[in-house]
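Each of the next two complexes has chain A plus one more chain, namely chain B in the first and chain C in the second.
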Partner chain A sequence: MSDRLRAVSGQVIAVGVALLLGAIIILMVGESPVRVLMTLLRGAFGDQEKIAGTLLQTTPILICGVAACIGLRGGMFNVGIEGQLFLGGFAAAWVGFSFSLPAGIHTLAALALAIVAGAAWVAIPAYFRARYNTNEVVSTILSNYIAVLLTSYFTIFLFKRPGGWSETPPILATAYLPEIFSFSRLNWGLAIGLLLAVGVALVFRYTSWGYGVTMVGSAPKFAEYGGVNVKRQGFIVLLLSGAVGGLAGGVETLGVHHRFMEGFAPGFGFDGLIAALLANGSPVATIVTALFFGALRSGSLLLEVDTSASREIITVIQALIILSVSAQVLIRRRGDSQAGERRWKF
Partner chain B sequence: MSNAPGSPPPQNTAAMAVELAAITKRFGAFIANDGIDLAVRRGEIHAIIGENGAGKTTLMNILFGLLQPDEGSIRLNGEPTVVADPAAAIKAGLGMVHQHFKLVPSLSVADNVFLGMEIRRHGLIDHAAQIARTHELSKRFGLHVDPTERVGLLSVGIEQRIEILKVLVRGARTIILDEPTAVLTPQESRELFQTLRSFVAEGMTVIFISHHLEEVMEVSDTVTVLRNGRKVATRPTSELSKDELVRMMVGREVSFDRRPRAQLHGDAVLEVKDLWARDDRRLPAVRGASFTVRAGEVVGIAGVAGNGQTELAEVLSGLRPASHGEAWLKGQDLTTLSPAAIRETGLAHVPGDRMVRGVDRNASIAANTLMGRQHRGPWSRGGVLDWKAIAGNAGALIKSFDIRAQGSGDAVKRLSGGNIQKVVLAREFTNGADFLLIDQPTRGVDIGAQEAIHDEIMRQRAAGRAILLISVQLDELAALADRILVMFNGRIMGEVAGDDADEDRIGMMMAGVSPELEPAQ
Partner chain C sequence: MEILDKLINVALIAATLRTTAPILLVALGGSFTTKAGIFNIGLEGQMLVGAFFAVIGSIWTGSAFAGVACGVAAALAFALAFAVLVVTFRANEVVVGLALNILAGGMTISLMKAIFGTRGSIVGHGIVGLPKVQIPGAQALLGSWAPLISGFTPIVYVAFIAVPLLVLFYNRTRLGLYIRVVGEKPEAAEALGISITRVRYIASLLCGLLAGLAGAHLSLGYITMFTENMSSGRGFMAVAILIFSNGDPLKVLAGCLLFGFADAFSLRLQTFGFPSYLVLTVPYVVALTALFALSYRARPKIIKETLASMQKLLSVDRNSAPVDKNPQ
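And then the complex of A and B:
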């Protein structure tokens, strides 16, 4: 228990340090950090529409975060969620505008293909990892670029809607993820994300399979010794992570945009990964961290209207959070290693 | 850059190149070096020998400034010196060739040799001069390399030569080599020894870390033996025999009482036939081992650490492929099975590398006792874990194996070494397997826990289990084993009954002399 407390307090301190540095930068551009913070809070939680807007931003970050958690749990760093999200988004749109199916079934079919597309996209790096021990960080990062450009190609050359925009035809209304409120585009995708986070946490905690995967992630040689097939589980975990990444794209397409367009969901995959890291790989804690990043994004919309700070300051703060969280993790690991061992030289 | 080899050595006439006095280094509660004195004469090849974990590398890292001693002092060439960091060591004329090389694969040999101290002309790197200088040095000391070749294309043996050349151009007069032959073929080792002799012929000094007896006997002038962080002795090599060396390395400190031998042997449970396996460097580590373990007996495997015991254990547990041969357990050939299938067939394994293989340090005791049985009832039903049952079982194990912990929710890393080992034993001995593979059961475990662990092994034997006990501690084997097999260089040199486990005979075999008094090579 005290371990968990230490981990949580470490993350909180890391975020605090990042926000402090962010405040200094805001001062340097000649704006008041307090005003920026108040504007952010107002922009994120000011009224029910703003809260709904924040939750709308939170949804894809949460689902991508859960995708990252699945990978992290099995010791796999899936940095390709962004790409899986793009392919999943396109696949769902394709089902949405190419077929006509009864409402509900249409939605499910589109989401199913999004899941398959995400899993298929990560299957290539996952196979190379299992077969040749290729570093999955590098191969999944690189696969992002291919995914983004590939979906652009599909959109512009194969399925372009007649007219000006680089986007596919709109999907049929039968494939929509229904909206929850009349005043916002917030949709049942949020519920999918919440259920998924809790469900994944339960599977890891309470199934034999989840136990094996957890051990592969935290002590691979121990897992191998105990009879867990480390390579196979690594492969499976990456596939599942990619599947959920694809699902995130499907939810975004069916719930928000109702079509696929170039650059339809910029950076959600990466934000999700950061949310998962900040949550120490816990899917349930990712609900909180995804909300934090969602609030930052949605609050920043007001920033340029009401203050002289630019929206990019949020990107700066996010980068500072990444830096301080990774520094925090490294420092904690150093404390864990045998006293006196010189692991990091400063 | 001024004092390249061959140029006149720094003006000093002290007889001792290196003097370490009362060096102590602790890592937490663990004492890696305990008051070690070491004097190395100028112009000799001085071997430092000891088993894995004896403190050799720590001592050399202290000498080279990579670690700072907690106590003790260093004199180099008679001068008291504080070696604050490797730069200071290099300045004082020391050079170290590490076990792991630090070369840039995309650069040429000569560029690697001069990396960080390039020869310049008009502000640019003078490649021609670097190549010429590398060529000259490599010829002079028999370190055959092509200075223009790219390092990424070269073999490990040649990479080592480059590391040695790097040390030479930095002006080293005393060269430390940490287990240099570990990565070499026998042929390359012989060439390396030639080079080392040419160094001392030029008045340089060589310190050579090893745990291989033959090469120490072959190449060194003086030997210092370390054991468990202490110095055992420093002796001229010519006055030593191999088995004396073994005895000093392995020691005979704690003497356990001999346990009563097994009264009845059952049927053969494990039959190993002509088993071969390679180590991580793809060199043969197990060479044609054949033996049988019967129900209700303890078969011990003795040997100096690093003679194939680890690889043998890994093959039997499915963690390493066999390159040849068979190992039959209950009608199944283990060499064809996965670790999971071997466990299913009936293996319990207490691994030698307890902290990495045996437990997940960050997980709870309960989670650690689950490994290997997470798919079995009553812990799991239909793939869903029953944590209540698991914790209950772990609590019972804590009681019956006398594990000193608050409860089954404690993280394993909070326990002492002996109690962690008891967690491993508790898990493995209760999984109902017929064959127990026990590797170094009491390494790093306090005396009290050692007794308890030995009692437990005896109980398992009484219950009719077949036990293969691998240990580098002779007295442990003499106490527990009904028969002792001695391993040397991947081969089983011979067998002695536990009752007449006489250290001289076993020591001879551990040094590679077979019982018929023939040299093993």
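And then the complex of A and C:
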């Protein structure tokens, strides 16, 4: 237990250092760090609509974060969540506007296709990673660019809404993910994300399959001697990770935009990966980190209005957080080398 | 046949050389880190800050070359940060590289907003582009083929001249040998009294130098402007090339020419009315296909290399602490 406490406190210190560095950068771009912080807080938690807005931003980050966790646990860097999100989003929209089904079933069908699309999109990189050890970081990053361009092509050349600008026709109301409150677009996608995070955590904790995945991620030789088919499992882990990435896109389309548009969810895939890294690959801890990044994103909307800083300043802060978390290894190694060596190896 | 003539001609080959230059530079930069045994996914970010600060430097000083120097300095700063975290702090290379890329993206956009008050791109503001070098006598010597050797910006020449220089560097210089030893057999490097830490720092900084030049070429070469995320994945393509070329300069050149050609060719296709979104995927599809095809072909070698790198990893973990304390 003290190990976990130390891990959490280390993470908190790292975030603190990053915020300090962020403050220096904010000073450099000629804005007051205090004003930026207050604006961020007001934008994220100012009133009930703002809080709902924060949770709305948290949802895709959380689901993408769970996708990243699945990969990280199995020793795989799925950096292609962004692309899986885009394809999943488009697939869900396509089901939403092309078919008419009863309410509920329509939503489920759309989400199911989003999941399939996400898994299919990562299938080729996953196959080559498992079979020939082709570096999955590079192949999934490159496939992101293709996914974004491809969905734009679908949207603009094949399914453009007549008279609309780079967006598909709206989906039918039967496919909507229902909203929770009347005053916000916050929808039941958040519940999907929370259930998913807890469910995946339970699978990792209590099933032998989950244990095998964790073993492959942390000690592949040991897992192999223990009878785990490492290659097949690597393939499945990446497919599952991609499937969850696709689901994130589906939830975003059905819950928030109700159509697919060009650049509909920029950066959520990367935010999810960062949230998962900060949570050290734990799906439950990802709920907390995703909420943190959701608040930053939501607060940043006000940043552009009320201060001279750009909202990308939060991207800078996120990157600094990850850098300072990764730097902890040195600090940790002094006292207890085991914990230090383990970090980011999952 | 006429269409083919329109598609493939001297202008296309010249365009290929132009588009090859930035990816060649960044990939050659990455060859230093690859050879030194570091997986450097941060090339993309180094290139991006290089492009941004080249534009800033060019505006502030009014000189394109001072701009290039600024771009290189910024890329070096990122390379140094990468080296500190990966070599000294021994953080995960993939995590640090990705985070630095994200930092580069956010930082350039934030600074753009702070300095110019605009989003999207920096155009005008007195950006001075790099001059084109006209080689005297090229026209007389080659006639209509002259555009193949003359009229490029200096950085293009630097990129192609760097290839043979790097071959010599790895085979004929002490530092080149040290870098290779550190990458391939760190335990041997250690036994020889080579400081792994120092060599990896040098490799990272050399990488930043070339990545910065590549970035400067993007923003001051043939178009004089900076746009958000203008490196658009070239750094990642370079990493793909490095994986299947193992960082050998001549193989890197071959891979980069393929991408340069794909890039130039796809621009051509666009003018023939193919949907731009599909055409733009061509370089990425080529990169992925090459990565997959070559990893299929090289599978026994890959298994051997994986085993070797695992041994390497284990031995570095166990042994490098005393080396750190005792550089050279």
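Keep in mind that, in the parts below, the second predicted complex is superposed on the first by the 327 of 346 C-alpha atoms of A that agree within 3 Å, B and C clash if a C-alpha of one lies under 4 Å from a C-alpha of the other, contacts with A are read in each partner's own complex, and residues count from 1 in each chain.
Basically, contacts are C-beta pairs under 8 Å (C-beta built on N, C-alpha and C of every residue); 3 or more make two chains touch, one makes a residue touch a chain.
In this text, all values refer to a predicted model and were calculated from it rather than measured experimentally.
If you put the two complexes together on chain A, you find that chain B and chain C bump into each other.
By the touch criterion stated above, A:211 is placed in contact with chain B alone, chain C being left untouched. In the superposition on chain A, A:150 makes contact with chain C only, not with chain B. Judged by the touch definition given at the top, the superposed model places A:274 against chain C, while chain B stays out of reach.
In the superposed three-chain model, the partner touching more residues of chain A is C, compared with the other of chain B and chain C. Contacts of A:226 after superposition on the shared chain: chain B is touched, whereas chain C is not. In the overlay built on the shared chain, the residue A:34 is in contact with neither chain B nor chain C. Stretch 181-189 of chain C is the one among 37-45, 91-99, 127-135 or 181-189 that clashes with chain B after the shared chain A is superposed. Within chain A, the residues touched by chain B in the first complex and by chain C in the second are 341.
The part of chain A that touches chain B in the complex is made up of residues 3, 205-212, 215, 218-219, 221-229, 338-342.
Across the interface of their complex, chain C is touched by residues 25, 28-31, 77, 79, 124, 128, 132-135, 137-139, 141-143, 145-146, 149-150, 152-153, 156-157, 270, 273-274, 277, 308-310, 312-316, 318-320, 322-323, 326-327, 329-330, 341, 343-345 of chain A. Listed in rising order, the residues of chain C touching chain A in the complex are 39, 41, 81, 85, 88-92, 94-96, 98-100, 102-103, 105-107, 109-114, 119, 232-233, 236-237, 239-240, 243, 275, 277-278, 280-281, 284-285, 287-288, 291-292, 295-296, 299, 302-303, 306, 317. Taken together, the chain B residues at the contact with chain A in this complex read 26-28, 30, 66-67, 317, 319, 338-344, 349, 351, 353, 356-363, 367, 370-372, 374-375, 380, 383-385, 387, 411.
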